[in-house]
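Two complexes, one shared chain (subunit A), two partners (subunit B, subunit C).
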Partner chain A sequence: MALALPAAVFTALLFLLPVTILLSEAFTINGEWSLQGYVDFATTPLNQTVFLRTLKLGALVAFTSAIIGYACAFCIVNLEGKSRGRIFGLVVLPLMISPVARTYAWIVILGRTGIVNDTIVSLGLSDTPIRILFTETAVFIGLLQLFLPLMIISLVSSMENLPRDVISAARVLGANWFQVFTKVILPLTKDGLVMGGTLVFTGSLTAYITPAILGGSRVLMLETLLYQRVNVANDFVSAGVIATILIVMCFAANLLLKRIAKARS
Partner chain B sequence: MKNTLAVAAACSLIAGVASAQDETLTISVYAFGVDAMSEAIFTPFEEVCGCEVVIETGNSVERMAKIEVNAADPLIDVAVMSTQDALQLAEQGLLQPLDVSRISSYDDLYPSAQDPIGNHHALGYGFYATSIVYRSDLVEIDSWNDLFSDELRGRVALPNITGTQGPLTLYMLERARGGDDLGFEATIDAIGAHGDDFVTFYSRSSELAQLMMQEEVIAAPAGRFAWSRFVGAELPFAWAEPEEGQAGGMNVITMTAGNGNEDLAYQFIDYWLSTEVQTRVAEAGLDSPANMRVDLAPEVAEPLTYGADLINSLNMIAPADIIANRDAWLERWNENVLN
Partner chain C sequence: MQYKWTSRLVIGLTLTFLIGPFLIIVLAGLSAGDFMTFPPEGLSLKWYLKVFTVDSFRASFTLSMFLAVFGTIAALILGVPAAYAISRYDIPFGETIKTIVAAPIIVPGIIVGLALLRYLVVPLNFTVTLALFLAHTALVLPYAVRVVSASLNNLRSDMEEAAVLLGCTRLGAFMKVVLPNIQGGVLAAFILGFVTSFNQVPVSLFLSGPGVRTLPIDMLSYMEITYDPSVAALSALLAFLSVIIVFIAEKFLGFSRYV
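Up next, the complex of A and B:
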């Protein structure tokens, strides 16, 4: 206990105290305690839209990354030796590149003259380039690419502990692949899914660069709205409210995923 | 004891001499082009005054907040900003009226720059026009209404209402639509109704330049100060002269109240507004001069907002009108355009 004291003091001074001061702004109006900031936030239509959009995109990115993540993780753990290391290295590689650079690359790829629109037009799917930038689709793609590696890493580490025999046993006993996944793989890797889901969901909720660049002011998310409230309106009450909502959403997501995992087992 | 006193006396003497030489002037400026501004204004001024110029930068909200929270003991002596920001600070008693008799080039300023927010709380140091940058090989822009045309559908970016260009764009669109309501209600609603036709609502001119170079956007309202980003580009860009005219704005120089550094501040303001410095700043392409005596070659003047005819023709929104209406603009914009 005594050994943990320096770490506890360090965390309290440099994390908990500043966060408490920041969050207390959301409960204070003209120096007096008030919940008016929350009432104002909740009753503004734009804020409702932004809140629901953030929740929707976060959930969609987490869900999609889980589907792709399972497929990738299953392939990776079944590779042998060097190829496994190389493919895993490729998964980790994007994490070593700045999110700003990665997001700007999407501007080029998703633009009117980018590779996606070139392909769409050349395949005859559309006569003219379609607009992808500054839409929810662009933000979704950017966030998915940003956080998918975290889901894959979580699931790979979880699947590495999965005895291969159990899959063979399930197949021998007549289970199809869907049943193998839902009855065997999913329950035995739920810890990795909870960890990955929490990382991806909270990462999507709190990402700033990607929604700011790929969504702009047309596709506001809670983080970009928070930035606007501070840097454009100098409104620290709204900013504190948004920060509190984000923190609550992150903890709630983690608890919910744990609860779902526990219920399944 | 004698030695101690002698050392103390010597130290105080040295400190006294040093403080005379180490006078500092703290100025708050836009974060854009600070190095070039230092080369053209701040460093040469240090040689003139024998003092040190300390530069504070940041966005408008940060810079205004810094002046506000340090009102009792100002950190900033001189600040440059938009007319509406200056008026807001002046109304809060954070700026001091300028004694224009101490500004030798005061009479050389354009009349609109001599007292832009009233009570001599500010002096204009630079103008900018706002019009439409467009791809001359793809479209022709003759009116602000062209931004709503079928030809441009899905290829136009508008400035966000939270920046200085946003309200100016709404002002011109309102006029082009035949209205004169400073609430811009019909215009904001029309933008909302055509919401999907606009690529984005940009916040920075650098962001717009990138979108236009990438051919995502082919027409957008922009401040003339951003025009240098398009000059010399591979793609053919043009600056529109719409039939309704161009909008415009002015940046002003102000002095904080009770800063205790007034003499140096007046010297600096006088220096910045002088014909010599205004010419140097214009020739460096940093700002369009507010001093009427600045004489520029046509190729230097081309990218700037230069000349009495142009400056007098600019459609400007009075700063008091901006302050009175901006909350309503933002609320309607958020409801009908972004929501």
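Up next, the complex of A and C:
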């Protein structure tokens, strides 16, 4: 007990306490207990747009990464020992590299004079460069690249526990590939899917760098909105409201994960 | 046969999407021109060299290094005993303590940064550097506890019991028997903590004042003002640094076992 106490006290005092005070600030206006901050926040059209956009992008990124993740994880699990380790290493590698560097690359690719636009113009598909940067598409691509490895890792580790014979058994018994996926693979790997999905979804909801670089003030998400409210408007009530929304969503996702982990063991 | 090619195609496309952008960054940084373009206008190393002469990059690199090294060491000093207590003893409120220590992973960093700025730096006169140091320590702590716990769980506890029976003190048994056996885990925790802290952006966002900036924050504000290839060059250098660290760690520690 005494050994674990310093770590717990340190985190509780220097981390949880300030965050709790910040959250409580959203419930007090001019020193009085009130829900007005939430009402004001919810009735502002910009905030509604940003909130829905954040949820939409999070869900879209999680869904797309699940599709790519299944295809990729299935192929990786079927590789031979040595090349499997190597490919898996390459998938994990981007997680160790600065997200700023990872996101910056997309400016070079998607910008006005970027690779994509150069190709479009030289192929004659459009006379002028089209706007990709500072759109939801750009943010979506950036987030997908940032979080896809988490999904692949989760799916690979849950597919490794899948007995090889069940797929051939289903095939022999006449199932086509679509049925094999929906009736055999999906039910047996749903823990991995939920785990990867939660990581990707909460990661996208709380992303700052990607929407800041690739979305700018045109495509605000909850975190960039929070930053703007504080830095531009000194509006700590809205900041507290956004913080509460983010924390509630993250903790809910984590509870879900814990429940699954418990049910498994 | 057909499956083999489909499989290669799927893996190839995914890896191109995940890693391709880095290759582009590396090449864009090699440009001889003054603006970011791809393919680069001519080849030169001037932007890679320029990175080392920008004062603000040097200052922010030093700060980030300081935070990553000492924040992680502080997290290990707090975290190793905690991991030991959690994995060896059935302590009261064990679950609560675990939840508290793990919280910094779940709470979004931007909120932490704002909270520390408003309630530690402004009213209590903490310096920004101190607040950054505390925030980075708290952030790395959960990783330290998790990785070290995992390697303690793989270590049989009868060895330390034997040492104690033979007359060693508890502390002595920990230092002489346990620590040498979990040093791989502690080192892996250090590397993971270092990389996490060094790349950290959201926590430092509000906690950066004039003259006190971590490297990623400095890069963010630099790229808002200028569009020259130096940020690409710096990004490429940082990516290389991470790759080398992870490669060495994998080779000598089997790093991925711990992550």
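As a convention for this text, the second predicted complex is superposed on the first by the 231 of 265 C-alpha atoms of A that agree within 3 Å, B and C clash if a C-alpha of one lies under 4 Å from a C-alpha of the other, contacts with A are read in each partner's own complex, and residues count from 1 in each chain.
In this section, a contact is a pair of C-beta atoms (placed from the backbone, for glycine too) under 8 Å apart; a residue touches a chain by one contact, two chains touch by 3 or more.
If you're wondering where the values come from, they're calculated on a predicted model, not measured in any experiment.
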Is A:V100 touching anything from subunit B or subunit C once the two structures are fitted on A? First, second, both or neither.
second
Touch test for A:S157: subunit B only (first), subunit C only (second), both, or neither?
neither
Residues of subunit A touched, compared between subunit B and subunit C (which is higher):
C
Looking at the overlay, what does A:L14 touch: subunit B (first), subunit C (second), both, or neither?
second
Touched partner set for A:V108, first subunit B, second subunit C, both or neither:
both
Report for A:L133: first if it touches subunit B alone, second if subunit C alone, otherwise both or neither.
first
The shared contact residues of subunit A with subunit B and subunit C are 107-108, 111, 113, 230
Please give the residue numbers of subunit A that touch subunit C in the complex, ascending.
1-8, 10-12, 14-19, 21-22, 68, 71-72, 75-76, 78-79, 87-94, 96-102, 104-109, 111, 113-115, 144-145, 148-149, 152, 206, 208-209, 212-213, 223, 226-227, 230, 236, 239, 243, 246-247, 250-251, 254
Parts of subunit B lying in touch with subunit A, wherever the complex brings them together
59, 61-62, 64-65, 154, 160, 162, 195, 199-203, 210, 214-216, 330, 334-335, 338-339
Listed in rising order, subunit C residues that touch subunit A in their complex are 6-7, 10-11, 14-15, 17-19, 21-22, 24-25, 28, 36-38, 78-79, 81-82, 84-86, 89, 91-94, 96-97, 100-101, 103-104, 106-112, 114-116, 118-120, 134-135, 137-138, 141, 145, 195, 198-199, 201-202, 205-206, 216, 219-220, 223, 231-232, 235-236, 238-239, 242-243, 245-246, 250, 256, 259
Subunit A - residues contacting subunit B, complex
44-46, 49, 107-108, 111-113, 131, 133-134, 216-218, 220, 228, 230-234
